[in-house]
């Protein structure tokens, strides 16, 4: 039984980690950090977890990490790098924040607005897109969970870029994102009365921070700079990301490349040609569904991908990576079916 | 490994059974019946189950029941009794319809409007409220799953009636029910555009069929006729029932009775005095949360109970009963945490 | 054309007043107060009002009230009494807060926790339930808008209490309230991700402040103390209150009393016997729909009432009262049909 | 006072017409047709309209059209052409179906699958996009309301195509559509339990019928064939269309062209550069909000447009056209503010 700590357990990704680990055969939660709510029980912070026998929330510096085999860090950006830089340097860590996703410190500063405060850790961090960095993750001490939007777009597009199947200068990602991706933050636009009956685009024009990941990963894959268009939209639902990707390339070749790339992946499902995924069919699960349809304009293809931002987009991915790092079966604790309706 | 058949697999309770059994260590789904969609794959009927290796839907009479250890029957009322009366008489069956809940054929005809067509099976059926009929269920061949509203109200009230703690002539149940309880039926008032932004009472005045169960169970418990008031309301959410019960009795005594009654129950959680449950905190799980608060008027108490109509209210209960009937640990396949948010 | 000021224009009831007055033939908005957002345009605070030619938000003390014929005060409780006590003493004011609803200062302090700071104004304030205080409102300088829950319950019950038709010691109000009633406040439980898929009771046991209004009004009406049970529930919808009232009395007599009481009221609609109202059918309008059904238990009746908390429950009521105070047709600006779907 | 008939009054666009006309100063509803619900009152078909004094639903052939000044036809596609071909040939008609939108009978047959059955009427019909066909509409006997998606896309793009400001061979429209656009049809995917917590693309690849309108209108405007990509998505909300248009052209020039084109339009609001519209801010109104943002990739621009599919997208547009045809002020009955929250 591996001993697990979770820092940032009072947020949605922290709660999702607990939900998943509760069904894991060889992990046990020993410590829960949540500075702003230290002293509270999880039953009061997240009543849906009250049936579990969980430790109370404590401040991170009260945790004895010598007893911990792996620590999930579900803290806000910037806080995460400060905390992780002070953890024991041999402690296995899966970080869910944005702090260690970008390898280039200059790119980090460009997208996040401040110099990186934990360059040593950044240098050793492995990018946590499991299906494409499996070996590095298995050998890593520190894994950086990807952005949830960045994961969705990459599942749809990496095999096409790697295969040279699409025009690299004309890639458009139109994403529809559910609200839990914004976290448990008290913001006016996240109130039910504000959000529930409407939808809109945000961070329009190429300003969303997950573009840093797209630029890094797609350019590395192509061996040349790749700059995509990416427009997220906030949708009145709690879980789910749907990426609609407009590319120039042949639909059959694209479908074939995706089928081949994911043929043995347990969580990535490529739908039959012409079918389209829905966020409702992956909700609460670690699955990602991908669909391919050719447009009426020859040579253009629409690739759509759906996943649950809290599961495959963050906490599920994190657990999948932790399984690899601890040499546990990669799918352990992650095979639950989606919740529908 | 027990071989399982599910009849009525194209409805919500059928799909929920499949979701649960997919995580069960000693059950295997061998046959799925769904007459109106016979020939289709589950991936087309319920795409959220497409990752599972499931048999295609067939007509019920195509199934070889000699290979089946237990059959779940998730068919509509009235159809169920016709089908079950033709199944092998030694086949273990858990029925999720209303057909075998009422022991008195006259009561059945009163509430459902037609004479019962399977009196022999009705006579042997055991009422499936697990926590109160555990031994009978373990020994039963045919178990009748309870109504989802009936289960919620009984969890809140049975220990109070049994303990003689409340005025039996003044019990009011005001229920708030999510829409999946109405099934996958094509009705105008179940459309998203009709339902999503409003709510209303229905079956007002004591006409809801689940009253047959309340009458039967509460009267048996009290040893005298007990007639309750029960008003359900349709709420714009997909899963959940919240029962607000207004009773005349002492809050402390009531809270104590509920704590005692459910002290060793794995799925029934009595909250600390004065706390109130929410449907969002049991969503997708087999838990039932119960809260007790005394009113400002001395001698009156409000008992609230929340459960997921598709899980603890039907398919989860059914699986719990099947575990008992097959001598499996009662909680197997049912300990998943709720999905929140 | 009457000149109108609105204080507290950055909240939901303020915005609703603007929406309604925009369609009013003889009112013009001259000043909008909103201290915390002073200096901002309404287009930035409420983009849905951007097509209107509105003054920018200013601090309340910047407004020249000598030019104003009537001032709506949509400020938070407690702030309202401080502001109103400093307004010109001959300025007509419609207050939407709770500050002037309770006539007895001791009752105010009991329910709101602080001594009243504007006793002179409290003494002259008229309770703003239009249909029952029409003459006093027409003659008033200061009208106190009712609580939205208090209005709903009173529309259902006043004629029954006045008519001596029900048992005064056994009245239960189970209310289902939409989220906009909680205002635009940044609270965790009002976030979309928290609220949208679940529902729960709150202020259980007789602690909700609107009970002060029920006690005051029902007791005055009955000529003896009347103490009701009242349990509100928060429902995942934006607008609407549904009151389900459980009373002991004859359904036919009750239906007849309600029909008689509201026969010439433009906004109160008593449905045919046995029909039940829905919040979706009054959404965005000033109408209140009331239904009556007898229970299967003889002598018990369920009265349900539905209205829009932001319209008939607060801002619509406020405009209706202002029309009376300015001797305008009472229905002016208020006859728009509900928005469905 | 003009006498108005509405055929198809039992659907959502019919109900929306009634809602709008109820606030119109010079129209009176004389007849309501609804074959499948003939004989019913509007109070039973649409209880939110019960306060209005409306005629009961009748079969279309029972209506005496000699008394009618203008007839709205809100019938399903294909039915509409059959009914309209039999109406008096001098009766002014505003059709809300797709039957008279496409001028070329071959295009109609291509997109709708059947030969047109009312070619004479098709020949005289005027395309009802008010802002661009104002004079023709004012002089027309028969006006064809546009598709709601088609209207949204055209508001965003017509001035850019007319002005030669964008690459005509690379236009992508990604639309997010609320569910009322699908009408009151009993389809499984429109049920609340199916739709409410997820979203997906449909008619992917250029198969949606509104493409017939884009092709017709954009090609006519450009003087050469223009073929766009158009992918609609179904969003869990009741009202609203958000079009996200990806074009190649200069953002400043595009913003300027839109501002110029709509400078004197009462219903089309071009937001300041860089702001983005939301469907929640036009809900229930006849306004269309348009936003322009330049992408980080030079020479690419995102134009977003939001309107309410039932109002500006169909029934509001229809009333605007009827006002023109009857020589009434174009904005009469249409200036109500959006409903938010």
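When the chains are written out, they are named A, B, C and D in that same order, and each has its own residue count from 1.
Keep in mind that, in the parts below, a contact is a pair of C-beta atoms (placed from the backbone, for glycine too) under 8 Å apart; a residue touches a chain by one contact, two chains touch by 3 or more.
All of these numbers come straight from a predicted model, not from anything done at the bench.
The chain pair with more C-beta contacts between its two chains, of B-D and A-B, is A-B.
Centroid distances built from C-alpha atoms place A farthest away from subunit C.
Chain centres here are Cα means. That of subunit B falls 45 Å from that of subunit D. If each chain is reduced to the centroid of its CA atoms, subunit A and subunit B end up 36 Å from each other. Across the assembly, subunit B contributes residues 12, 180, 193-197, 236, 238-239, 277-278, 280-281, 283, 341 that each touch 2 or more other chains.
Those residues of subunit A lying in contact with subunit D across their complex are 170, 172, 174, 176, 193-202, 204-207, 211, 227, 229, 231, 233, 235-240, 242, 244, 246, 274, 276-281, 283, 291, 293-297, 300, 302, 304, 306, 341. Those residues of subunit A whose C-beta lies close enough to touch subunit C in the complex are 12, 179-180, 184, 186-188, 190-197, 236, 238. Touching subunit D in their complex are the following residues of subunit C: 12, 15, 18-19, 22-23, 46-52, 180, 197, 238-239, 269, 278, 280-285, 287, 289, 335-341.
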